[in-house]
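Each of the next two complexes has subunit A plus one more chain, namely subunit B in the first and subunit C in the second.
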Partner chain A sequence: MSASSISTENMSTSAVTAKESEEALRYYSATQWQLIWWRFRHHKAALFAGTVLVVMGLCGLFASFLSPYSAVNRDKNYLLGPPQMIQFWDQKGFSLRPFTHGVTTKRNPTTLRREAKVDPDVRRYIEFFAHGDSYRFLGLFKTDIHLFGVEEGYLHLFGTDDLGRDLFSRTLFGTGTSMSIGIIGVVIAFILALFIGGVAGYAGGWIDYTIQRFTEIIRVIPVIPLYMGLAAAFPKEWTTMQVYFAMTLILGLVGWPTLARRIRGQILSLRDEDYVVAARVAGAGAPRIIGRHLLPAFTSYIIVDLVISFPYMVLSETALSFIGLGLRPPAVSWGVLLQAAQSIRTIQHAPWLFIPAIFVVVAVLAFTVLGDGVRDAADPYSVSEG
Partner chain B sequence: MSEQPHRLMEIKNLKKSFPLQTGFLGTGGTETVIAVDDVSFYIESGETLGLVGESGSGKTTIGRSILRAIEPTSGSVHFEPREGEAYEVTGLSNREMKAVRPHMQMIFQDPYSSLNPRMTVRDIIAEPLVVNKLLKGTDIDKRVLEVALRCKLNVEHLRRFPHAFSGGQRQRIGIARALVMHPRFIVCDEAVSALDVSVQAEILNLLGDLQEEFELTYLFIAHDLSAVEYISDRVAVLYLGRIVEIAPSKELFFSPLHPYTSALMSAIPAPDPDSPMQPIILKGEIPSPINPPSGCHFHPRCQFVQTECKTMRPELKEYKPGHYSACHFSDVMELPGASELGESSSIRTSKIRSSN
Partner chain C sequence: MTNRFIKWTSLISAMLFISVGSLAAAGKSASTVADQNGLKGDFPYQFELGEYEKKSGQKLSFNENPDIKKLNARITGNPALQSVADRLPEEPLVIQPYVSIGKYGGVLDGVSNATEAGTSDILSVRHVNLVRFSDDLQTIVPNVAKGWKWNDDFTELTFFLRKGHKWSDGQPFTSADIDFWYNDLILNKEMFKETPSWWLFGDKKPMEVKVIDETTLKMIFPIPSPGALTKFAQVYIQPFQPRHFYEKYHIKYNPKAGEEASKKDLKSWTELLNQFYGGTDWKDAPSPLLKGAADFVAPTLESHVLVKETTKGRRCVANPYFHVVDTAGNQLPYINEINETYISDKEVRNLTITNGQIDYKAQTVFIEDFPIHKEGESSGNYKIDLANGVGESHVYGFNINHKDLGLRKILGDVRFRQALSLAIDREEVIEIIYFGQAEPTQYLPAESNTVEFVTKEHLATYATFDPKEAKKLLDEMGLKDVDGDSFRERKDGSNLTLRLLYSNQGGPVKMHELIKSYWDAAGVRLDIKEVSSDEYREMGNNNELDLTFWQNDSTSGAVIVQNTFMLRPYFGWAFNPGTAYLWHEWKLSDGKTGVEPSEDAKKLYTLANKFVQYQLGSPESNKYGKEIVDIHAKNLWKIGIAGNVKTPLIHHNNLKNWGPYTVKSYDYYWAYPYRPFQWFLTE
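This part shows the complex of A and B:
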C-alpha cells in the first residue's frame, strides 16, 4: 500500500461525503423508530385510524368529565326515549346558544308503546362546564363539573334505555371499560407470551418441545366453551371490579399462545444470525444478547401483533358480555350495552340502543387499519438494504 | 515481527458431530452428521493459515469450534496468545472464556447478516469493548475511531446504521469490530467470498496490512483458491471433515501430495484464455457426511484407488518438511499441481497491489 493510494482513497471519500445531501445523512443515522415513524406518516389511513383510537381512548379515560351524567343517573320522565337533536333555531327563531326542546315519553294507551313527546315551548340551553353528578376525576379529586349539560331537565344525545339512563354517557363509560379490558388483556397475554415464547426459543431442545406441545393443547381448546366455562366459574357475589379483573385475566390467559409461538419463532430464527454469533464471540452474555440483539430485532413485529390482537380482545369481551357471561350490570361495557339491544322489540322500537355497536365496529376497523399501517412501516430495513 | 514465532494455536483431535432427528416427533432415531472428524493442526503466530474445502467439508465448523461459537464434541484447542500465557480453550467455562475472548475474534462471511441492523456503526464496533469492560467512557470512542479510521471508515460513518453501507464497507465495519480489542488471532470465515472481485482485493490487502501492523494471526477460511493462495502462508485442505493435506502455500499449489488437492489445483482456471487447461475431473459428488465412505473418505472418487484405501484410514503424515498429507501413497506418487497459476497469479496479485 503506497502513501499516494491512501490519499486518493481519502479524497474520493470526502468528495462523496460532500455530495451527500442533508436528507441522505439524516436517513443514514436515523434510528429504527424514526424510520418506522417516517414510513408510517405516509400511510394516511393508518394515521387517521390511530387518531380515531386515541380520541376514543381519551373519551373512555375522561368519560366521567365528557359525559353529562353518571352511568346510573335515571331520567324517569324519558324512558326508552330517542336521541335529541341539538338545535340553533326553531319556530321562535334563531339562537346563538345551542338548545334542545324539552321531551317526555308517555305510553300510548292504544298501542302501549312509549312515545316521545317534544314540547316546542321549552328551550333547554346547553351550557358548558355545567354542574351535574359528582364524581372523582381520574380518581384524584372530587368534582361535579361536566363538559356540557343543560340547566334544567336532561339532554340525551343518544337517547335513553328502558330505565331512562343516558346512552351517550353510558357509551362513553363503556368505551373506557371495553378498551381498558382490551389493553390489560393484551398486556397480560403479551407478558405470558414473551416469557413462555422467549424461554422456548432461547433454550431450545426438550424445553422448547414441552412448551410447544403445551401451547398446542391450549390452542386446540375451542375458545367460546372455554370462555363460558371460565366465566361461569365466577362467584355470583363477586363485585363488578373483581369480575372486571377476572375477565381481563381470562382474555389474557386465552390470548397468549399465538403470540408466544411468534416470539419463539422469531428468537429461534434470530438466535443463529451472524450478528448474534458475533456478539457471543465478542463475549456477550445471554441477557445482553436477548436485550440488545434479539428483542430489538422483532419489537416491531410484536407491536404489530399487539395492535392486531387488540380488537379480538375487545370483541371477545363484547361477545361474552353480550351473551351474559362477561361483565354484568351495573358495570358498563360495550357488550353490556348491546345486551339491552338483543330483542326484536328493541330493533323495532329503539334502534338507538345499537349506537354502541357503531363504536365497536369503528374501534375494530380502526385497529385493523392501524395494524396494517404499522406492519407496513414496521420493518424499515426490509427495503433499504444494499 | 517483534517476537519469535511460536505455536499460537494447537488443535488436537477436534471433532464435531450434529445429531439429526428423523421421523415423526423424532421417533425415527438419531443419525449423526460428522462435520469435523478428528482434525489436528497448528497455527504459528503471525502466519496466515488458509483452510480450503468444498461446501459441507467442515471449514466453518472448525473456525467456530475454535472460538467456541459452537461447542466441539471432543478434542482440544490449545491457545497461546503470548508466550507464557496459555489456555486450553475447549475446557473453559463461559466465565473463564471471558479472559480468552479479547484475544480471538472472527470476521464473518456475510456482511449483511453479521451486523445488527439496529445498532449504529459506533455501537457495533464498540460492543466487544463494552461487554468485556476493557475501556470506559471516552476511551471507547477514541479506540473505536482509531480502529475505524484504520479500516478506512470515516468519522461520519460511525453515527450511521449498517443499512447505509455497501458490502465492502460493511465488511470493513466487521473487520473493525474484530480488531477493536487488539486480538492476536482472527478467524476470517469466508471473509471475502460474498464480495465483488475488486472489493475482495481491497479487503484482502487491508487484511494483509492489518496483519503486519497488529501482528495478527489469521485462520483464513475460503473456497476461493486464488484468494487463499494470495493471502496464506500455509494452506490446509479439508475433505469431508478431515484434513487431507497441509503445506506451505506455494508447495501445496505446485506440488501437491494428495490426489484430491491435485484435482483441486488442476481446476483453477488460468487468467490466460489460451492456456490449455487439463482439469482432473473427479467422479461423482462429495459423499454425504451422514454416511461417509470407509477407509479414506476420498477413495470412491480417487483415480489411484487401491484396496487398502477402502479399509484403512490414512493418517496425516509429514512427507516433506512442513508438508503433511493423508494418503497411503503420497511418497510414491508424482502429482500435477497448478503450474499455470504460478506465473499468471503472481502477475494478477501484483496488479491488485498496484491498483490499490
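This part shows the complex of A and C:
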C-alpha cells in the first residue's frame, strides 16, 4: 500500500478499520530509511539487480575461496580448453554426485591447433570444501580450503586460457579487482565531492566562484588523453599493485565534479532555510550544520548519484585496461581478461574467453537498473502513482 | 647398395640432361632450377651472359614486358624507352627461374604495419645490392656487381660492375655512384655528424673507396674485414646512390644547393637531400609534404620503382632498366606492380591473409596465428609454410653490472644464473609459446644454424629442467627464505626481487608469466611490468634494468662476422640493450672509469676482434668462434629458451616460382636470398 492511498483514505471521513490505522501508524512512525526500503522493495527489478551486485561483490571479495584454483595455477594438460559440463549421468549411468569427464588438449600436428579430447571413461567427481592452492582468507589466516573442486585433475567451468589457467577462477579474481576499483573510486570521488561541494555551497561568494571555475576546468578535460598522460606518468618502478591503486585514485580524482555540483546546489538552496538559520543561531559550527542538518535533507540524491557513477568507474577500468593503458598482466581484471581475448583466434577457436564480457554487461546493467529503483525510492516523501 | 643406386641414377640423369640440353639448344625449353638442362652456373642458378652463351652454345635475344611502356610512363620524369637490348647492361645477369619461365603482368599485393613499420619484408621483394646470398645462405653470388676480388689478407676488396648498367631513369650507373655514396654522403659531416658505425671498421676507422675506372672500384679497409662482403649481401642499405640525381641538391656539386632548399622552405641542403635519401634506402620516397615532391622520384637499381607513396601504402612498377634476364632472355621482373598496403592492426592484417588478399607475407606472421591461417588455406587459396626463424627466439639477460651493488653481486654470481636457467621448463614454454615448433636451447651469441663452431654440448648447457639442482645452487649461494613467505631473501635478510620491465615488441607477455611461475617456484621473486619499447631501450642503455629481454637478434653468422657487439661486453646494441655497460666503459676509458671486467670478459675483446678478421667457416674463424662461445656457455650471462624455432610465412597459390624459402630472417633480409624478381603471378 502506498503513501498516497493511505493519505487519501485518512482524509476521507469513512470508517477506518483497526488494521488500516495500524498500518498508517507504522507509516507515520517509520524512519526515512525504513520508508526508502519499503518503497524500494516494490521495485522488483531493482531488488533483483541489487541482489546480483551483492552476489558479484561477494564473489569478488571471497574469490580465493569460491574459485577452485588461484589465478596463476596452470593445468598443463588442458591449454586453451573449452568449458567443461557438469554431469549427473553418462553412458555408465546415473550418479547422484555431479561429475565431469576427464579432458586433455592436444596439438593437431597439421594445424597446430590445440584440440580438446574428452575421455568418457574418466569421471571426476566434484567435491565441496576441497583442498587446493593455499591462500590467505581475507588476509587473515592461511588456508587451502576451496568451496568446490575435483579430487583428481582439474575442473574448468569456463574453460582455460592458453597457459592453462582456469578462466572461472580468473574471472572471479577479475571481478574482485574491477568491482573494488569501482567502489574505491566512487568512495574517493564521493569524499572529494562532499568536501568541495560542501565548502562551495556553504561558503558561497568568491570561494564558491573559484571552486566552480576549478570544477569546470576538471570537467572539460577530455578523459582518455588525461588517462593516457597519467598512465605514462606512473613511475616505471611501480609494481602492478601500485599501478592498481594509482588507477583507482585517478578514477576517483577525476570523478567528483558532477556530484560536487549537485551537493553545492542543494546546500546553496537549503542554507537559508529556517531550520538551518536556527541551528546557526544556536551556535552550531559549519561542519555540524552541513553534516547534521543539510546533508540528510538530500541524501537520496547523493545515493542515486553514487549508484549511477559505479558503472562508469567499472567501465573506465575495463576500457582503459582493454586498450592497454590501465592494468596489465599479471594483474587480473575484467579489462585485462578481455584484452587477452581480442583476436581472431579467440573468436574462431576460443570463444569462451569472452565470458568475462558477460560479467561486465551484467554488472553495468545491474547498476543501471538498481540506480533506477533507488531513484524512485530515495525520496519517500514524494507522491507517486504507485 | 646405396652407392650403386646413386651411381645408376646419376648416370641416368646425366643422360637425360644431355638429351634435354640438346632440346634447349634447339630453343624448345629453357633451363630452370627444377630442370637445369645440363646447365650449371659458376654460382648457383645464375650466369653472366657470356658464361651462359658459352655453356648453352646459344645466343640470347632479349624480350621485354609488353606493358613496359605503360609502366615507364607512370615513373615520374622518365623519358621514353629505348629497345630492351639498349636498356640492359652489356652483360646482364642471367638467372635460372626456380620452376618455369614466367609470365609478365599482375600486381603483387603485400601488407605492412605502417610507413617505416614492418615494411622491410616488402622492401626486400624489390631489393638489390652489390651481391646476394644464394638460397643456401652460405654462398655469396653476384648481383649488381658482376664480380669481386679480395686481396690475400682481406684488406682490399675490388668490385667489378656491369658495363652499360643503367639507373631506373636511364642514366648510366658507374663506380662514381658508389664513390658518391660513401665519400659524399656517409662521410660528409653535414650529412652525418657521426659516421654510422655500420660503415666503420677496426678501431672506428672508415674504409677508403677508390674509383679505378667506370666499372672497377676498390675498397680498402683498415683491418682485415672479410665480413664486409657479407654486409653487402645482407644489409638493407644500398652502397650506391644516383650521383647525377643528387648533384643538384649536394653542396659539393651545386654551391647553390642551400638556395634550392630554402625555395622549398627547408633549412639546409642536407634536409632537402634527405627528403629523398633519408639516411638509408629505407625512406626511398620524397616526403609527400615536400613542395613539388611529385615532380621527382629518386632513381633506383631495384626491380621495382616507387611511383606513389601515401600514408595508406606504396605502389611500385617494374624497373624498365633492371639488369637481370631469365634463361629465355626475358627481362625481369615478371611482375608489373607491387601494391603495399599499410594496416597497423595485426588482426586486420590476419584477416587480409585468410581472405586470400595477400600474395606474400613473412614479417609479423606469428606462430600463434598459424592455426587460423592453416585452416583458411584452401578458402583463401594460399599456402602457409614453416621456415626456420633465425633470431625469432627469445633471450633473458642478467645485468651483471647493476648499479645496486647487492644485486650486482647476486646477478654476477654464475650459480644464480645457472639456477634460474635450470628452473625453466623449456619444453613447456616451447609447447605454449612456440606451439611445439622449437627445441630447448641455451643462449649463445652465435646462431647455431648459421655457424659451424657451435656444438650440441654448447646448446645443452644448463638448458635442462632441474628445479632441485636450481634450488641447491641458490641455497649454496646463501639465498634462503628467512621470513617464511616462500621467497628467498638476500644474504643480509633484505628483500630480493628481480624486476623485469619488458616491451611488447620484444616478445609475448605470456612468456614472462610462465618464467615468473618457474622462478617463483625456485623461490626467486620476479616482478613483471610492461613498458614501451622506447622506455625499455632508454633504461637499458642507461644501465637501469635488472633483466633484459629481447628477441635473439644480431647473432646470425652474417652479422657476427661483421660486428663484435654481441660477442664482447656489453653484449648488446642500441636497440637490444646489453648487460655489461660498466665493463665496456672500463675498456673504452682504458681502466679510468667503469668496472674492471672479469678475465673471461677481457679475453672476449681480443677474441672477437680476431674473429671478425677471418672469413666465416675458415679454420681460424671456427677456432676463435669456438673459444668465444665456450666462454659464453661457461659464464651464462644470458639465458636462452629455444632454438630451431619455426615460424610461419605465407604465399598465395597464384604466386609462382616460389623458391625454397627455408629461413625467415631479417638478418638475411627476408625474401632477398630467394630471388623475388623471378616470381610471377597467374590470373
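Following the convention adopted for this analysis, the second predicted complex is superposed on the first by the 349 of 386 C-alpha atoms of A that agree within 3 Å, B and C clash if a C-alpha of one lies under 4 Å from a C-alpha of the other, contacts with A are read in each partner's own complex, and residues count from 1 in each chain.
Rule of thumb we're sticking to: a residue touches a chain if its C-beta (ideal position, glycine included) is under 8 Å from a C-beta of that chain, and two chains touch if they have at least 3 such contacts.
Predicted model only: the values in this text are computed from it and were never measured.
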After superposition on the shared chain, which partner residues are touched by A:Phe128: those of subunit B (first), subunit C (second), both, or neither? neither
For A:Glu273, is the partner it touches subunit B (first), subunit C (second), both, or none of the two (neither)? first
If you stack the two complexes on chain A, which partner ends up touching A:Phe88: first (subunit B), second (subunit C), both, or neither? neither
Would you check which partner chain A:Trp37 touches, where first means subunit B only, second means subunit C only, and both and neither mean what they say? neither
Which partner does A:Leu112 reach: the first (subunit B), the second (subunit C), both, or neither? second
Per the contact definition in the header, classify A:His349: touching subunit B only (first), subunit C only (second), both, or neither. second
Determine, under the contact definition given at the top, whether A:Phe137 touches first (subunit B), second (subunit C), both, or neither. neither
Subunit B versus subunit C as contact partner of A:Phe195, first or second or both or neither: neither
Subunit A residues touched by both subunit B and subunit C? none
Please give the residue numbers of subunit A that touch subunit C in the complex, ascending. 72, 74, 76, 79, 107-108, 110-113, 162-164, 236-240, 243, 328-330, 342-345, 348-349
Residue set of subunit A touching subunit B in the complex reads 1, 5, 9, 13-14, 17, 25, 27-32, 273-275, 277-285, 288, 292-293, 296-297, 381, 384-386
Considering only the defined contacts, which subunit B positions touch subunit A in the complex? 64, 67, 69, 94, 97-98, 101-102, 104-106, 108-110, 112-120, 127-128, 131-132, 152, 154, 156, 159-161, 163-164, 166, 174, 177, 181, 205, 209, 353, 356
Spell out the residues on subunit C that touch subunit A in their complex, using ranges where they run on. 346-347, 350-351, 354, 367-372, 374-375, 428, 431-432, 435-437, 499, 501, 509-510, 513-514, 516-517, 527-531, 535, 539
